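What follows is a set of structures for review.
In the two complexes that follow, subunit A is the common piece, with subunit B as its partner first and subunit C second.
So, the complex of A and B:
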């Protein structure tokens, strides 16, 4: 029905911080404390090698991990080439490369030992 | 006296260790791949065997390489190893010549003095006794240094010494007890019978003066036998397993067996051949500059030996290769770490039977279920320009130091080379960072994408500005085009006289990037280029001994602040002579050097940038003349 009108009601989008799965965030933060220093300036996203070819933004990824929107993260985290440019440009000294590496590791771990 | 019960501990230990080493050797050989078995079989009947004997003598006994690094440390190792070897050899000969009969059991030679207490008072036997005492004195002097080193490591010039665990400490104590107890046992016996030479004889006489020497001797003979027995029984579980393993490793290496890229017999031998001598601790910049002291090669190998979880240790390393160069045993430490990075966390069910005396290693690569992942599906075939024979690949890091591609473009144009800038709109990563993180499968996808573009372009030469890319181009791409680092390419342009350069009259210190120097063995070309255009000076760390800038992509775990600590030390060290330029050939080194405080007057430059500055620009009249002649030709 809705399709016929050329527009549709916007799907409700509520992020429930109490119910979201923060395990990945905690896993990363515990092993790479510098993750907490991110100010979301987007320098990493601007220099990213992968972003040149596809939709991949480390800044967005950081926010998604913090919010615990792991399904979104899972979709894009493998696109990173780990080239390390983001780590070099980060003004806050976040070891961004390790953040991506740990996120993947966290998914592997939680997927294998699902709670 | 034919036999005495005190020799029993020694005998048990000795026969145990002989059987154990033989069994271990057989297991190691059995687990080798077929090709390596053939290599070793061929080696056994050929030159490698003779070379190995020589190397075992030079490295295993004399410790030549340790002598080169540190004479005091070398003397310590030499006196213990070579001295003990001589003591056993000459002791056996002594027992054979002067004993009651020939071909005695080993205990007769080791405890010769006990069974022949009044031996060696005159003639040849006396001189021989002098020799034996001399060797014992040699060992004891080494032992003294070892004890001093354990408590005050600074005295022998070591900044740090390897930390030990409980069993190591027991074995170390028993090793330390062996020689003093021998000295005291022999001295008491000699004192009681009035025999012995300058050491045992005089000490014996002195002790016999106020002690009941004959009664005192017996417990020390027991102690001597017990410490030998304990040492032999514990040997397989401690770092002293390096003694038989190193011999096996030397023969393996001379036969052409290498560690490869997965766990196997060769890796196991190498792990056991580490003596925890601690030389790697002193060359590791993480320990000397950044105060990270638990990840060095000695600890990594020790962790592997104990089957601890060393995955984080494996990742926390710059992979600069300084420890590989320094290791006196020649363990392939870099490849060993790479194997572990690839394997990930070790499977927990790796079995240790007999609590570590023999272990069954899982020989196969774990299937971690990643084979289906195609992470880089978004990569489309790269657009290529057909025609130019030279392809320039800047690499990701070079895009962060735009001065380098600009300089390269200037160089290409000055030399009149038709080239294509392959990744001018941003590169697909070469794959080396993924490889270094142990993600070989994913790296393979990037390699495929880049190789495809290189092949389709039809270029003959691939020039890259980044040593990281260069290394993987050489190792894993299997391209049929010539791959050159820009320093090699510029050197060739100069040699072929395509590039005309001015002499800059600036003083330059060259820093060898790890991946280009130790990683790929390219030392001379960048130096030749720099000598051509500048006054190239020498730093205290040249070629194999070059420092790492600290920014290496290989280390995933290092804190950014620690990198600043490392690079500050490196820059300070390299700019001691106040050079005009601190030159490097790696964009990542250049970028990392930027973090340090640089002394006024020194500037960080890539080799390409210095060359670009030296390019002879033709005077405007000449260009004018050229244009005119061209116009005249057209008008004609």
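So, the complex of A and C:
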């Protein structure tokens, strides 16, 4: 039986790269190879309607997916309204809209598993 | 010397063409130097000061002019190549005005064009007042006045890196290499002209590849307090007061940033010159994915084309600074000398 000691272990903020689950990353990359081309310029986030009001940044989302920080990805991925402005801006031709779409799909796919 | 019997046609009288012409003339070759503009010197003629030491560009143009001051160099300005015939390793070349006769070797030194900033419509060049290019700013430095279209001194200036470079949307995948350090140089010059102005550079990566470039970057922070924001500008608009509003993401903070500026300078990148590309079919030469002429080997054949006797020098092969252009032109002279000694 769990007992409340008045304190709990704090989850570290270190990216535990080796333990993190990269299945979402692999799922997206396999279906949208342009995902690999991001250089983190932030053009997408600059033009993003969602980013003006919520803490949403497609640039950040891309990196979180790569690192397997899926808890955070799950928290923010629904904020995208799929307007596609970011796709118009991206200098590397990343199909950003599809990245968001596939990420959501990946979570659905893997929802029976603990990610 | 027997070299005098050999004739080399050099196309392009900018830095690369002139430096190679000087070297080859001093080797005793007869040179026809074709330049489409009214005077030689190329793009440097437009520049005010040069990075990294901010020397006056005229010092380098003086050097270039001395290079081509040689009796074996026939400089033809306002001239473009018209027809080419290639047979058994020899070229028969004529311009619109005259027949140059047979050439034993040809050097293409047609250089670069600056990216046409109107193609990045979201930056508003040619649409909003006070969106200018790095070249426009050099002209302002020449005139001594950095003023908005309302003839006011700008209090805040934004600089956008990578305009037409590293941008798939305009078909330019390559990095133009020199724009980052040009931005740093121009930021310092703006601060020098207008000490109480603020300057903000919006960059994707700061590429300080050359000697003393990093030092110049450091100086811009330490001595001139130039601000650097890591984020690509996504769009520019004009507000009711006529000030420019730029939007970017401050990627290092992870927040969108909006900022008003009085003037916005676009760091336009380099593309293979149209004048060079027009030669493609005439000589049967090829370009690489970056649009510049394809060299025979990336490491040890960077002056060689796919045609025997046809050589390249300078920025028609890749973006280069002036130092590298001069080195590349000298190397071309060595390659041509070696080729002609065998053929």
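Assume the second predicted complex is superposed on the first by the 99 of 115 C-alpha atoms of A that agree within 3 Å, B and C clash if a C-alpha of one lies under 4 Å from a C-alpha of the other, contacts with A are read in each partner's own complex, and residues count from 1 in each chain.
The criterion applied here is as follows: a residue touches a chain if its C-beta (ideal position, glycine included) is under 8 Å from a C-beta of that chain, and two chains touch if they have at least 3 such contacts.
The structure displayed is predicted, hence computed values, not measured ones.
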item	value
Simultaneous placement of subunit C and subunit B on subunit A, clash or fit	fit
Touched partner set for A:89, first subunit B, second subunit C, both or neither	both
Touching partner for A:78 - first (subunit B), second (subunit C), both, neither	first
Partner chain in contact with A:52 - subunit B first, subunit C second, else both or neither	both
First (subunit B), second (subunit C), both or neither touched by A:60	second
Partner chain in contact with A:98 - subunit B first, subunit C second, else both or neither	first
First (subunit B), second (subunit C), both or neither touched by A:36	neither
After fitting on chain A: smallest Cα gap, subunit B-subunit C, Å	6
Interface residues of subunit A shared between complexes with subunit B and subunit C	47, 52, 89-90, 93
Touching residues (chain side subunit C, partner subunit A) in the complex	122, 162, 166-169, 204-205, 230-235, 247-251, 254, 256-257
In the complex with subunit B, residue positions of subunit A that touch it	34, 47, 49, 52-54, 78-79, 81-85, 87-90, 93-95, 97-98, 101, 108
Residue ranges of subunit B touching subunit A (in the complex, touch as defined)	368, 373, 375-376, 378-380, 396-397, 399-400, 425-429, 431, 433-434, 437, 439, 442, 446, 551, 553, 556-561, 588, 591
Subunit A residues within the subunit C interface of the complex	39-48, 51-52, 55, 57, 59-60, 89-93
